[in-house]
């Protein structure tokens, strides 16, 4: 049993292995042109599987890598991308766990490791969405809006990875190839269950994120509504005073109380009374 | 016929039973790592079923537990989570109902009990949604908004539990395993029908909840509209008075009625007339 | 051929028939616990069918009843709910039509009658939706909003009944049971077509109702927009007058025309000119 | 080979043909009760097909008619509705094209003619939607809103006709009946392709129409936003003048410049400066 | 092996080939009437495939062309549209690559070339959507709105082309025709994978575009909200001054400080204090 680890897809060693094990040129091309979808293809004598490790950057943006695996009867070839540390971690762990495993057992452990690496990313998204929800309810800013859409974009990407990985797991479970021995079937089913559960969680998070956007719009609408109310209340307080003071500012004859020494007090009282009456009416209509 | 009740998944008794009945290590692991989805898996000699009892807290938030069941030909193992009283109730009831039942009959009764326990939760949601609908029509507050989204979150969670449970019920109905005898089939179909009906109800409630959000937005929009109208009506009442009093407050010569002893009365009349005319025009355009 | 009409599900006669015809206890339970979904179940020697007559109240709210039917080779048992007059009408009509019919023919006529009874309800909804659409375009009130959501709720309920009934009809068409003779097949297909067409209509009505809500929101937005415009036009008319009269109300020296006998006329002219100029600018920008 | 053209479904000739060719009573009933869905039913010795010619009125509203066809081995019966000129056109054209055709060939030509008659209607909708899109971007009026919903209603109706017609075409393609000879199969597939393409186009038009509604709402929101800005700019221009002139209108002692002969000029300059400063600030914040 | 390149569908050469190779008249008609959907049809002795090259104009609008291919056992006929340079490029490249290829190999290369030509178009859309997202967040103008909808329209069109092309690829993969030899199967699967990945990308872009529209609406709502706040703050600053100056402008007796030489200073202080107090209150409620 041989495990060939290729750490650079451009490595000519890969060509040598292709010749030795009769690998299909399209598969070698897939290894070298990155950005494949997760997939599994059965070929004569081996299975070609592409898995998608996912990396979350500090700022929350998501990048995906490729991990290409050739699973043969007595060999395993893994082709890594140069820049993906999480894959390295998984492979090191599997290698440490035991060299005397069969190729299909190694393959299962690698796939299991990749799928497990999605979990902390999902948890991270859960936190981000909780934060966003609180933020938009409390204070809907354009910045929150922009973060909602970045998160949405990442979830769309992650969902695509998970859907394809689920299809891979489903295919492996149903595969009639003898490259994977029967005793591994419950374990592959377990991988499938994990991916399916992750996918469920992503769908739920998308639902919640869409909800956040609705909260955002509702909160903004609500705030506009409240700003309007304050404006109206301010207007209500000010208008009687403005109108009445305007009237008594006219250079006309015949205005009442104009000669009374208590004129200002009387008119001030009228202003106050009108304002209070208007506020009472607004309150009656449950305005505030 | 043996019924082993394990009340703590960490109990070493479970390891003993695993050895005795040849239980798959992945299933034992599932028992000990919580937060599984509802599922059924057929293994050599037994069926492994995970059910999801659901608990609704005082404040309306939902938590789900796990109930793991191993159904063998002549034994039944149930593994409870420590903290779920509703499961305890169901198991006690089943145990009381009769010890002389077959394992598959016991299993049916437990599953039936779990599924029945979803009903009061659905009723609770129905009430909450009715309340929310009335509230947002009458008085759309940010608090109602936040409750709508909490309820939505709970419904998304409950829906997920029900979808998985329905799949379990469908699988059991179609299963060709002889662990479940034929006379139980109509009963399993009944369980399936119950879950499917619950799921229908949850979908309906989600539809209605989405409706509540639409009502919320519409109500806020409507209220903003009405605030604007009040502002406009206030403006309509005040503006003529302000403009006219402004004009007669100017220190200019040649203003009409400025020397008339009835000047104030005349100008006051003009103010009143203009205001009434404006209000009449607004009413003509169906403004209020 | 025997037709047993049970008018009260609690009637002990039902127990007697259950014993005589070997009816499954779960089916008897279904008869007694109401609020089943429409469904069909084939049992040994008979078919158990639940149909859902629908009643529309004066205020437009929908209630559904249950009609349970046991179709045997030489007997028919119908179990009605106490309170559903429309079922009574259908059964009386079928009974009048002929006693010498086979059980499956009687069954077809009953099912056909129930399905036909959905049609006036659909027509009623069509009218309601047309009315609502006109109303929200013309005058979007919170009352219309609330009626839209009540109608939506009823349509969701009706849709659920129709989907289940369609599944019943589909099952009956495909059934290989010999309880239904071949010459009835085109008639069952006809029932299926009717239900499917009704379902189509309900989907269309839901689409239109969703449209009504969109009209509502658009209309409110539009009205707010128009209120704003009126406010702005009012402001446009008033502001120059207010500013200019304010300026000439100042107790300062050096204001122009302050000593001219035509001061008021000149300044009044300036006010008018400014207002007209502003209105002209607004019109230029297609403001009104 | 006989082609019986029935131009009035009430014609007793139809009963005669029903007797002669053994037509199923349900099919005769379908001919006489209009408003069927497009469908195909295989009966002993003949096929019963309902097609749905569609008519677009001057005002853009859609009406559908029925064309019922009985296709037998050596006869064809077409039953038209009284009021549908487009069907007449198609039938006349087919009749002119040749009497020596087989019944299935005639049937294909009629079906092809009906399906082709949908094309100009789709083109008409395309134009209407283009117009509406331009209109709502330029000037979102309630009238445009109402036209959007009328068009939506028509598209929902047309979609339903096309979905059913597509099912008819699919059924005919797959039918194992020998009423339709093999050489017609590519032609039936062609009809299917046409209907499927029309359906694609309708889906696309619905998407675009939904887009129009979004544009409408966005445009209205945008306009409200702009009205608000104008109001604010107006307020910005007016407020300093109002406040300052108010202050200098007070009957108080100690106001500055009150005795200066250039008081008005100084204060006017201050007003102007404040207004310009405010406008500069607004522009700094990209207000206009 | 013969490759017939027809560059003008009206070319009578096509009729000659139709006669020579027994091509179905409907297929020749399809070649001459443009605007087919991508499709594949197996006929006696050959396959008829329609592919849809896509062209993106300078202004971002999309046009689609037709490329019709007849794949026979020992011949290949390609019928181009007159105006599509990208097809020309693909065909020239394939021709250059080798004349000694089998017809099915040539066909694969052409299909691969057409599918590859979709990639730069997708990249272009990605850029456009990124730009639009930034623009609507920063500055939601009606122009951006109109560009969003144009892009949406193009994506709907492109999606339709891709869906049909994917169906073609799926059909070719599953085809049991011996016109395509087994060694080509992995390559056809590769084409299918490419189209499926493109389709994934288009769906993702549609999601993001819908998101852009949501951002647009949210941004506009947010801006309206901010305009309202500014208006309110302006009002808050101005109203106390207006009210107080109005009061002291009244021609009444008994106003306080009216005879004090520091009257203006005192009252001015009161104005300032009130304004500052109001601003403090607004800030307390997190107004700005």
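Every chain is named by a letter (A, B, C, D and E) in the order it is written, and numbering of its residues begins at 1.
In this section, a contact is a pair of C-beta atoms (placed from the backbone, for glycine too) under 8 Å apart; a residue touches a chain by one contact, two chains touch by 3 or more.
Quick caveat: nothing in here was measured; it's all calculated off a predicted structure.
Enquirer: When every step has to jump to a touching chain, what is the lowest number of steps that links chain A to chain D?
Expert: 2
Enquirer: Touching chain A and chain C alike: which chains?
Expert: B
Enquirer: Given that chain A and chain E are copies of one sequence and touch, is their interface built from the same residue numbers on both sides (over half shared) or different ones?
Expert: Mostly different residues: under half of the interface numbers shared.
Enquirer: Which angle of rotation, from 0 to 180°, maps the CA atoms of chain B onto the equivalent atoms of chain C, to the nearest 5?
Expert: 70
Enquirer: Whole-Å distance, chain C centre to chain D centre, using C-alpha means?
Expert: Their C-alpha centroids are separated by 22 Å.
Enquirer: Based only on mean CA positions, could you tell me how far chain B sits from chain E in angstrom?
Expert: 36
Enquirer: Residues of chain C that contact two or more other chains, please.
Expert: 217, 221, 224, 228, 231, 235, 242, 246, 249-251, 255
Enquirer: Quick one: label the inter-chain contact graph as line, ring, star, complete or other.
Expert: Chain contacts: single closed ring, each chain with exactly two partners.
Enquirer: Which stretch or stretches of chain D touch chain C in the complex?
Expert: Going by the criterion above, the answer is residues 24, 26, 37, 39, 41, 43, 139-140, 142, 145-146, 149, 152-153, 156-157, 160, 213, 216-217, 220-221, 223-224, 227-228, 230-231, 234-235, 237-238, 241-242, 245-246, 248-251, 255, 257-265, 267-268, 271.
Enquirer: Inside the complex, what are the residues of chain E that reach chain A?
Expert: Of all residues in chain E, those touching chain A are 133, 137, 186-187, 189-190, 193, 196-197, 200, 204, 207-208, 211, 214-215, 217-219, 221-222, 224-225, 228-229, 231-232, 235-236, 239, 242-243, 246-247, 249-256, 286.
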